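Presented sequentially are two complexes of subunit A, the first with subunit B as partner and the second with subunit C.
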Partner chain A sequence: MDQTNILIEKKEKEVLVDHFTGRKYKDRLFLSAVIFFSLITISFVFLIIGAMVLKGYHQINWSFFTQVAPDTFTAMMAKSSGQLIPGGIVNGITGSLYLVGLASLIAIPFGVLIGIYLYENSKKRYAAVIRDITDVLQGVPSIVVGLIVYLWVVVHITHGYSVLAGSVALSIMMLPLIIRSTEESLKMIPDTLKEAAIALGTPYYKVILRVLIPTSFSGLVTGILLAVSRILGETAPLMLTTLGNPAINWNITKPVSAVPLLIWQFYNDPNMVDLIWSSTLFLMGFVLILNLLSKWIAAKRRF
Partner chain B sequence: MNSDKILKYVLFIASLLILLIAGGMIYSLFRGAIPSFHQFGWKFLISSKWDPTQGREQYGALLFIAGTLFTSILALVIALPMAFSTSLFIGEYFRNTRMAAIVSTFVDLLAGIPSIIYGLWGFYVLRPFIVSIGLSPQGYGIFTSGLILAIMIIPYATSLSNTTIMMVPNELKEAAYSLGATRLEVIWNVILPNARSGITASYVLAFGRALGETLAVTMLIGNANIIPTGLFSTGNTMASVIANQFGEASGLQLSSLIEIGLLLFVITTIINAVGKFIIKKMA
Partner chain C sequence: MNEINTTTKPSILSIEDLSIAYDIDKYAVRNVSAKIEKNAITAIMGPSGCGKTTLLRAINRMHELYPNISTKGQIKLYDENIYDMSTIKLRRKIGMVFQRPNPFPTLSIYENVIAGYKLNGIHMKRSERDEIVETSLRDVTLWDEVKNSLHKKGTFLSGGQQQRLCVARALAFKPDVILLDEPTSALDPVSTAKIEDLLVELKKQYTIVLVTHNMSQAARISDNSMFMYLGELIEYEDTKTIFTKPKDPRTEGYLTGKFG
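And now, the complex of A and B:
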């Protein structure tokens, strides 16, 4: 009796040992590691957005959206007397809208047309080359895009930093994104839809305008929104092309400010530090809304 | 000419824009780099002297190339465990659950945060933290920038890995389970060998991203024109020297900066091509 008890105990111990050092234990350890590192990954989102909200909310008020950025002396005076820094970032907001609007005006029509071309000629060698070059363009670092547009537009066309140069730089960054998303969403349309339209004798341009574009519309919009949200925060190429402007400007050949450029300017000026966080909060909010909107449209779409 | 023909021509002409942009880019970079190349030749690549003083101007790109590679490789090493875990979380352990959807939304948000915001967060939150735990007296340097770059490239490293991990056929996994394999063994012996090329490709593409990042690195690396000597040494990268010096550069300095831009363009294009090549071989 005693012996069997000892035997049973021994067996239990072995099971226990197996449980802690064996394959099952390793399996569990690995799962915990996966969960741990995944939590670290998503914790950065909270840490970054949390820091922005905590440090930025108290500068956000009405004048933040209606006044131009203050000069460094005004900011210093306000800070030394313990007040909020007066003024806002309206020159940056209008500038960003101007730049992104103009860039979209260039990039969206061309991007959609080229996307349709790639979809229509997907088997041609030339189309494959265009697709590869589009991928290359997408991988070009944004600072290099800024450099190129400086050489093209700032030096030769507007002879100085300008809205046009900034928009061209942003549109070059948007173009590959829109081309690929257009092609991808067109590919998802069932061939039968297209064939039905062709069987009715519809001319091909009408098939594109009345069948392909409407059915893939939400896909196109998603791609465009994502592209816009990508370039909204771009700073490096703008530093080389539009530089910045303390006032609101609508002249296409003159420099203009943008929200990310203002953030960079505030960062380099010790008196303006308080304005940094409210501006990033605004920028992040805008980017976030566009992102979520595109996700929402993507979730609702059928093709 | 009928309407279909016109449409075809319109589409074809639009596609020429891509050739025009790419061709123009390469042409302008080469043309802009000519003065610098005439002056320094191939020595530009192996010299690490960067001296813009009038009269004894001397430019070499080695220290920037070294800084770029160091920060990007470090970023990849730090990002690896997090990106790999996250893609297993989304693509295997919790696939098609609400949890996975939430995590993947957060990873997408990480991709949406602009570079300058990462830089500010690194400067005002991460850098003081690194100083406070005593890793480095100022908090600037290779390590801090590598850490920020790692966070920035996690989304690029995960997105493609997720899909390839999910694409591993269920039959293979079930066969392994039926032989008594644990989940870890299935991941190690079935999923990884099958998804290897997709995962590799996504890390290569993420590395390409890290190479070209500008402002976040500029704000954290310390912008010292030296070849980094260790993890906590300061340094400079190709992208950030362009951002820092372009405004006041002219003549030979401008041409040298353009040559650095050309180098950066060539390096990122090669890395991206390698990534795309791996994907193509996989399909």
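And now, the complex of A and C:
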């Protein structure tokens, strides 16, 4: 009797121990799987950046930032004599800055105002509809945006590819991002702060301008910077709206180049393949800096 | 029962048959009439949800920020119905301090005190501004603690100091009445004592209306006390009477801790 009892107890203990070691084992397995997959993801990022740096760094020099893209003949001549391709991408850089700047000028006021409206009237049905439409807009493929802007602006307003058309397309892509980030960063402000301002006899528009916006400023800027870095690499809508330009252009009704457009152009020209890598490196670096900048500003947020 | 005029002393505010409803028939405040004594501390007590905060907010029309609110009756500041005044003008005459200290995080201590002027774009000479800041901060006994760091952010102060800064901000307009909505519920005992001393000092210049959950606080510092229950004003007497000889059994029940 005693013997069997002891045996049973022993058996139970073993099962218990087994159970625990089993859990521990599973825990370790899970942890190593998580680490393994995150390492793979990270290594891809580093591989991409590494490939770009290795292939692109020797093209990055002073003329890369000061000269326009070469024509295919010059590139071919340089290539056949074993030299670096002369010229740079300054038409793309200025064009990108022009397009993104103008797109921001259009999208920021609209986006911030709509964001404020959604925050203020979050429970109204009209606001809910706008919020849903914003989500839909965010899901519209960029080529579709490009096509619509082509029909509206290129065909009817500027009668040809233009900076204006490109900026309108990019601003449509920026809008939902800015609207949502504005609403979210305003939501983070405690209501008591708004009440404090109202209780001081402040008219409502001044509460918005002098309390809500300054308090959520870092959040607003972060959202805008992320939206900018998102559209910097957009190519498809630009192909249909601003096409590209071998020279620097500041005329709003004329076509302009952009860095992603140049990359596409270099890709299609076997003589200029080398310029792809330096251009992608530049674009990637620029987006990375914007991302880091927005992270830094977000970290300075006070609450 | 609701027509209680306890005092023959000079009054500054007179609440006349005030009812406030959320939605259509959910009354937060029901047929309240009372006169608020000038240069005194009036405490509003009652269990949670009895309408005391709504009543307090009605005095400077902050309750209108709630959605679907309807208000009947009137409140007179001296002889003027506040519901006929512009909210902007009214809120400069009747200041408010909230439950949690809420200085503006983007502004310095100095700017927080004159925030009322700054936010409204009222321009003043530098000397005028300095004077308002100094007297307001002295009034709340914060001047000596912050005079060397006036241009630091207000959020660096301790909770109690922040709350005194908020009182100073309300004082900067030289209002007639100051409303306080449980001003010490987020503070430690030492800071609470400081605020209480401050309020007793301030009633020489201002009229104070205070919502409090803390009965002993009402007993310590108030001159008159209201007891509200389910939106109705049950009893309104001078504090000594209400705490020693409450007339209504509900008041007695609340004060002895039978409910609340």
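The rule is short, and it goes like this: the second predicted complex is superposed on the first by the 275 of 303 C-alpha atoms of A that agree within 3 Å, B and C clash if a C-alpha of one lies under 4 Å from a C-alpha of the other, contacts with A are read in each partner's own complex, and residues count from 1 in each chain.
Basically, a contact is a pair of C-beta atoms (placed from the backbone, for glycine too) under 8 Å apart; a residue touches a chain by one contact, two chains touch by 3 or more.
No experiment lies behind these values; they were computed from the predicted model shown.
Student: Touching A:40 in the superposition: subunit B (first), subunit C (second), both, neither?
Tutor: Only subunit B; A:40 stays clear of subunit C.
Student: Which of the two partners, first being subunit B and second being subunit C, lies in contact with A:125: first, second, both, or neither?
Tutor: neither
Student: Let me test your reading of the model: by the given contact rule, A:300 touches which partner, first (subunit B), second (subunit C), both or neither?
Tutor: After superposition on chain A, A:300 lies in contact with neither partner.
Student: Comparing subunit C with subunit B, which touches more residues belonging to subunit A?
Tutor: B
Student: In the superposed arrangement, does A:203 touch subunit B (first), subunit C (second), both or neither?
Tutor: Once the two structures are laid over each other on A, A:203 reaches both partners.
Student: Could you look at A:31 and tell me whether it touches subunit B, subunit C, both or neither (first, second, both, neither)?
Tutor: first
Student: Please work out whether A:156 is in contact with subunit B alone, subunit C alone, both, or neither, and reply first, second, both or neither.
Tutor: Neither: A:156 stays clear of subunit B and subunit C.
Student: Which positions of subunit A sit in both the subunit B and the subunit C interface?
Tutor: The answer is residues 203 of subunit A.
Student: Where on subunit A does subunit B make contact in their complex?
Tutor: It comes out as residues 23-24, 26-27, 30-31, 33-38, 40-42, 44-45, 47-48, 51-52, 55, 110, 113-114, 116-118, 120, 126-127, 130, 132-137, 139-144, 147-148, 150-152, 172, 175, 179, 203-205, 208, 229-230, 232-236, 239-240, 260, 263-264, 267, 276-277, 280, 283-284, 287-288, 291, 295.
Student: Sort out for me which residues of subunit B touch subunit A in the complex.
Tutor: 2-4, 6-7, 10-12, 14-15, 17-19, 21-22, 24-25, 28-29, 32, 81-86, 88-89, 93, 103, 105-110, 112-118, 120-121, 123-125, 151, 154, 182-185, 187, 205, 208, 211-215, 219, 239, 242-243, 246-247, 257-258, 261, 264-265, 268-269, 271-273, 276
Student: Would you mind writing out the residues of subunit A in touch with subunit C in their complex?
Tutor: Residue positions touching the partner: 123, 190, 192-193, 195-203, 206-207, 210-211, 214-215, 217, 302-303.
Student: Within the complex, which stretch of subunit C touches subunit A?
Tutor: Residues 60, 62, 65, 67, 87-92, 95-96, 98-100, 102-106, 115-116, 118-121, 155, 166, 169-170, 173 of subunit C touch subunit A in their complex.
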